[in-house]
Amino acid sequence: MTPIFFLLFAAVAVFSALMVVLQRNPVASALYLVLSFCSLAGLYVLLHAPFLAAVQVIVYAGAIMVLFLFVIMLLNLRKDVEAGVHRTARQLFGWLLGLVLAAQLYLLLRAPWGLGPQGQEPAEAVQAVGNTQAIGLRLYTDYLLPFEVTSIVLLVAIVGAVVLSLRQGKHEGIEEAP
Amino acid sequence: MQIPGLSPDLNWFVWAVIKVVALMTAVLLPVPFVVWAERKVAGHIQFRPGPNRVGPFGLIQPFADVVKLLFKEETLPEKADRVVYFLAPMLALIPAITVMSVVPVGPSFYATDVNVGLLVFLAMSSLGVYAVTLAGWSGNNKYGLIGGLRASAQMISYELSMGLSVIGVVLLAGSLSLVTIVEAQSGTLFGFLPRWYVFYQPVGFAAFVLTMLAETNRVPFDLPEADSELVAGYHVEYSSMKFAAFFMGEYMNMLAISAVCTTLFLGGWHGPWLPPAWGGPLWFFTKVAVLMVCFLWVRWTFPRLRYDQLMNLGWKVLLPLTLANAMVTALGVALREGWFR
Amino acid sequence: MLDHLYLIPLLPLVGLLVNLALGARLGNRGVGLVGCAAIGAAFVVTALDLAALARLPEAARHVTQTAWTWMQAGGFRADVAFLLDPLSAVMCLVVTFVGFLIHVYSVGYMHGDSGYRRYFIALNLFTFSMLTLVLADNFVLMFVGWEGVGLCSYLLIGHWFERHSAAHAARKAFVVNRIGDFGFLLGIFLLATSLGTVNFHEVFAAAPERWAVGGALATATALLLFLGATGKSAQIPLYVWLPDAMEGPTPVSALIHAATMVTAGVYMVARCHALFELAPAALVTVAVIGAATALFAATIGLVQRDIKRVLAYSTVSQLGYMFLACGVGAYSAGIFHLATHAFFKALLFLGAGSVIHALSGEQDLRRMGGLKGRLPWTHGTMLIACLAIAGIPPFAGFFSKDAILAAAFAGPLRWLYYVGLLTAGLTAFYMFRLLYLTFYGGSRVTEEAEHHLHESPPAMVVPLAVLAVGSALVGLLGIPLLPGADRFGDFLKPVFADLGHLRELAAAAAAGHASATAAVGHAAAAGAHGAAAPGAHHASVGLEVALMAVSVAAGLVGIFVARRLYLLEPGVAQRLAERFQRAYRTLLDKYYVDELYGALVVRPLERLSGWLWRVFDVRVIDGAVDGTGGLVVLGGTILRLFQNGYVGTYAFFLVLGVVILFVSLGGAR
Amino acid sequence: MSWVLGDSVPMTAYITLSAVLFLLGVVGVLVRRNAIIIFMSIELMLNAANLALVTFASFLNQTAGQVFVFFVMAVAAAEVAVGLAIIVNVFRARQTVYVDEVNLLKG
């Protein structure tokens, strides 16, 4: 069964990612991105990481992309006008570089490359569908400091966002009643 | 159980289909009656009989409404973003059904027992935003847009509190699987009180109920569709079956979320006297029904919050409250497990 | 008490910090109070420690305490650790006691000075550094204190920095000290590299084993250390800064430039006696330089007109005495003289300060006189001090100076003794000259000074009295001859216990190769026993008594001559001065040493640095800097072509970089 | 591609997928001029990296990779909050979200 699901999710992910790039309509791009994220969540499930799958949906689809949509609507952006300064050059070089990079990655992946050492944790602990606990233990023991630092980063981000979105004079955040 | 003459895979598939169908009916079937109940309750709260013409006690009224809606004209506003415009109503239905797939209705009566079931629920409720937001935006109508923006802001704000309010339960049950959580609530307290987490987590329960109202955009948090100011807000541009979809979506969400609330706080299928085999589901739906009635009751009793009041409640009251609750619970659990010894 | 050594330096530091932080709020009274209290407390602690130390058995009078490891690199290691043994204990006691009195005195003397707070802060800082210097148990920490006191002396000499002369004097003191400190530092490096440690105990243990007596290494180290000492303690050739240092407030001169800091050199030499004993040549150098300085400074002191300068030169010459003592191996005698000198010289300075205070800033002896009646307390105390420094029994100076002279007499180079004797006479002479010119005879005081002439406030008089008592009695701690009466020597004995062993080494070396220096060192060693290690064999009693008599006689002669010249028949001095015009001028102008240095060292240096500035600095260094700037600008002008403000372009180049990176990696494969 | 019929997916497949997604992200950054879309493409790249991390974590039997993904998500959330605030400010100032119309910052 697994390969079928993998192909399904992979196809959806790639397609929607492509659409993100191609779509002219920001909202459509955003929605495609949501789709791609959701299919990534599916892939996580296939990779025995259901916790991350759920978090992926909650954080990316549920929060981040909503924020994107929110801003798009707030700025009321409809279709992009893809004119602008040296547009053709941008398109041309962009895709060209993309192709070169693709070729390189292809070579890189074809070249023989080995895996690092296997982890200490028993396979079943990780593979077990309920590896939330394993992650939690890792998070609060080995990676406690990074965890705390991350929380500080978040705090800073909050403050920064608030400061940025305070209009001069009036004190109202972005999400005041429109 | 194995159906004779089927390969395991096929057997699994068949059962999956059966479960799914059962669930969908479980979510869809009650909707008309909830609608009916809403109108009845509203009526009685306002000292009037409510629908009582079509069928006994007007029980058939909802179906009459559906027929009416079916024959309404489909409208498609100019400059609407077609795809999104069509997408939104469907999105309104999906999360509710998906959530039901992880909710255990009775012992061994559930679609799946995902061990991150609670997270799935949170994820789905967070996806619920899209329907409202997109609906509001795609119609290219300023009321709709405002409704959509309000909805997204409101739902993001209240998701936090919702997630935090259930942490207490997770800590107590030590699992994210809804089935495990329900099983952890079996037995009684001091011999007479059922060991439901509502008694362990009164604060969490209260907070959850509030956020529940907000997530489903019900009064007093129905700013996205504030009839009196936004003329139905996000679905102002919708008519006929698309409108019906939103209509149903709202009630399905209410059902789903009440089911989750029952699972988390009200001991799920646990109940006295009846044999769990068929008594479990009965108790479960009874509790859900009670919650639904509360929904209606609240709707017809309370006035709508102002936007700033909404945000203050969400960020300055519920969030700290739920955080504190989580910490206290964690402390209690730590003491219970004797980690300080 | 002994396990709280760190308190001794800590207390002044606390006082300093308090004044630094809250001084403005405390107001002058508070600042003075805090400053004095801090030093007073330090004194109490020191006294207690000393008592505790004295109670220990002789062998155990050696307390070390490590606060923390300061630096550690490979085998090298320096701790912040304090060492309390009789030597450092005595020093601490002197520093804290005299320091305390002078703090109290300053409250009166500096009253109403604009830099009052700054003054006390610097004074506390000085005490802190001095105590660190004394208590350090390794060379590095000692050097820290060493530099600290140097800095404080700079700050305090230049206390009235708006006066050009003061600023100049401060700078001079600092620069001259640098030379000495450089020597000291080199010595420390030599120790660290050759012995791999800077801890006193380890060094003194290792040196005798690792170094040949009179060997180049030992001699070099000892001489370098001694160079440091000459810098700090104003010996030839680096004494020139001390007289100018009198530009500072008088209490400062008393504390830093008479009682404590300038004796740091003597302390250091005594502390490192183990090293010096290994280098007989160095010992001889010390002795000779000490004696020479003593005489030299004394002669200059004869004719100086500024009351403080006279005292300054007498300080220099007394320090010469101490080095003479160390040079002939009579360390305890040197330290003893150090202690007594601290008392009476501080007293003299404070007295002079009181006089200057009374005459509202007048320092010229020619405009004083007849103040006996007007300043009774000052006069009385200063009289005691003069008797003490002139070596009249039973005052303090007598015993210590006599001990030194005895040691010098017993020493190898007997002429050193005669030099010392002559100096003693001269000392008596110029001190009493000062006394007579100040307090006796007719008043030559100017009117405006005359009409608010007054005895100093109690805050200044009380310390004078206390110090007078001290100068009168401290000597009795070190009575020679009578067995057991030399308390001081006995107390210090454990510090210099290793002398015997060292001298045997020296003797053996001398026997081995009869090189001149070694022989001298041997003889010096052999001779110095008497004064150095009391309880060892004494020079015969009769001789001792005779020596005493002679030195006292010398003192009396000096006094009488002074009495004749400046009291009974004034004018004789004048005539003498005219008779020996040249000699007089030479003395008055301090042998033109400053001018000599100016011509030989300062001006060439100035010219060199001027050239360096104009040619090297401007052309080469600035050129290089400007060139760098130019390059950067050039690069910028090229690079900014890429920076066209379009994020897209930046992203493009970024990805291009990634691609190139990949290619290069692929090439590396 | 023989694994398609089997019942397990080789790691290379996942890695290739993440590489492809990453490339699409890169191209998106390069070819679009709408700041918000560029931002989305960056998110896409982040997710591609996450996929690689999870893959290795799962194939190496250890949770460290998943923990990293967790961190990446947290930081991404922070980044989005600030970034979108910046974009909104830019829009308020210049009435545009097109990065090539905002080019004052040059030497």
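Letters A, B, C and D mark the chains as written, and numbering starts fresh at 1 in each.
Keep this in mind: a contact is a pair of C-beta atoms (placed from the backbone, for glycine too) under 8 Å apart; a residue touches a chain by one contact, two chains touch by 3 or more.
Small disclaimer: the values here were computed from a predicted structure and weren't measured.
*Asks:* Which chains touch each other through the most C-beta pairs?
*Replies:* A-D
*Asks:* With chain centres set to the mean of the C-alpha atoms, which chain is at the far end from chain C?
*Replies:* B
*Asks:* Compute the distance, rounded to whole Å, between the mean C-alpha positions of chain A and chain D.
*Replies:* Roughly 5 Å, centre to centre.
*Asks:* How many angstrom between the C-alpha centroids of chain C and chain B?
*Replies:* Whole-Å distance between the two chain centres: 89.
*Asks:* Express in whole angstrom the distance between the two chain centres, defined as the mean CA positions of chain A and chain B.
*Replies:* Each chain reduced to its C-alpha mean, chain A and chain B end up 28 Å apart.
*Asks:* Roughly how far is chain C from chain D, centre to centre by C-alpha average, rounded to an integer in Å?
*Replies:* Centre-to-centre distance between chain C and chain D: 72 Å.
*Asks:* Specify, in ascending order, the residues of chain B that touch 2 or more different other chains.
*Replies:* Not one residue of chain B touches more than one other chain, so the list is empty.
*Asks:* Name the residues of chain C that each touch 2 or more other chains.
*Replies:* Residue numbers touching two or more other chains: 646, 648, 652, 655.
*Asks:* Enumerate the residues of chain D that touch no fewer than two other chains.
*Replies:* Each of 26, 30, 33, 100, 103 in chain D touches at least two other chains.
*Asks:* Considering every pair of chains, which are in touch?
*Replies:* So the chains that touch one another pair up as A-B, A-C, A-D, C-D.
*Asks:* Using the touch rule from the top, collect the residues of chain C that touch chain A in their complex.
*Replies:* 646, 648, 652, 655-656, 658-659, 662-663, 666, 669
*Asks:* Mind pulling up the chain D residues that touch chain C in the complex?
*Replies:* Against chain C, chain D makes touches at 26, 29-30, 33, 38, 99-100, 102-107.
*Asks:* Taking the touch rule as given, give the residues of chain A at its contact with chain B in the complex, in rising order.
*Replies:* Contact set of chain A toward chain B: 1, 25, 27-28, 31, 34, 50-51, 53-55, 57-58, 61-63, 66-67, 69-70, 73-74, 76, 129-130, 132, 175, 177-178.
*Asks:* For chain D, which residues are in contact with chain A within the complex?
*Replies:* Checking each residue of chain D against chain A gives 3-9, 11-17, 19-21, 23-28, 30-34, 36-37, 39-41, 43-44, 47, 50-51, 54-64, 66-67, 69-71, 73-82, 84-89, 91-92, 97-98, 100-101, 103.
*Asks:* Tell me, which parts of chain A touch chain C in their complex?
*Replies:* Going through chain A, the ones touching chain C are 85, 90, 93-94, 97, 100-101, 104, 107-108, 111.
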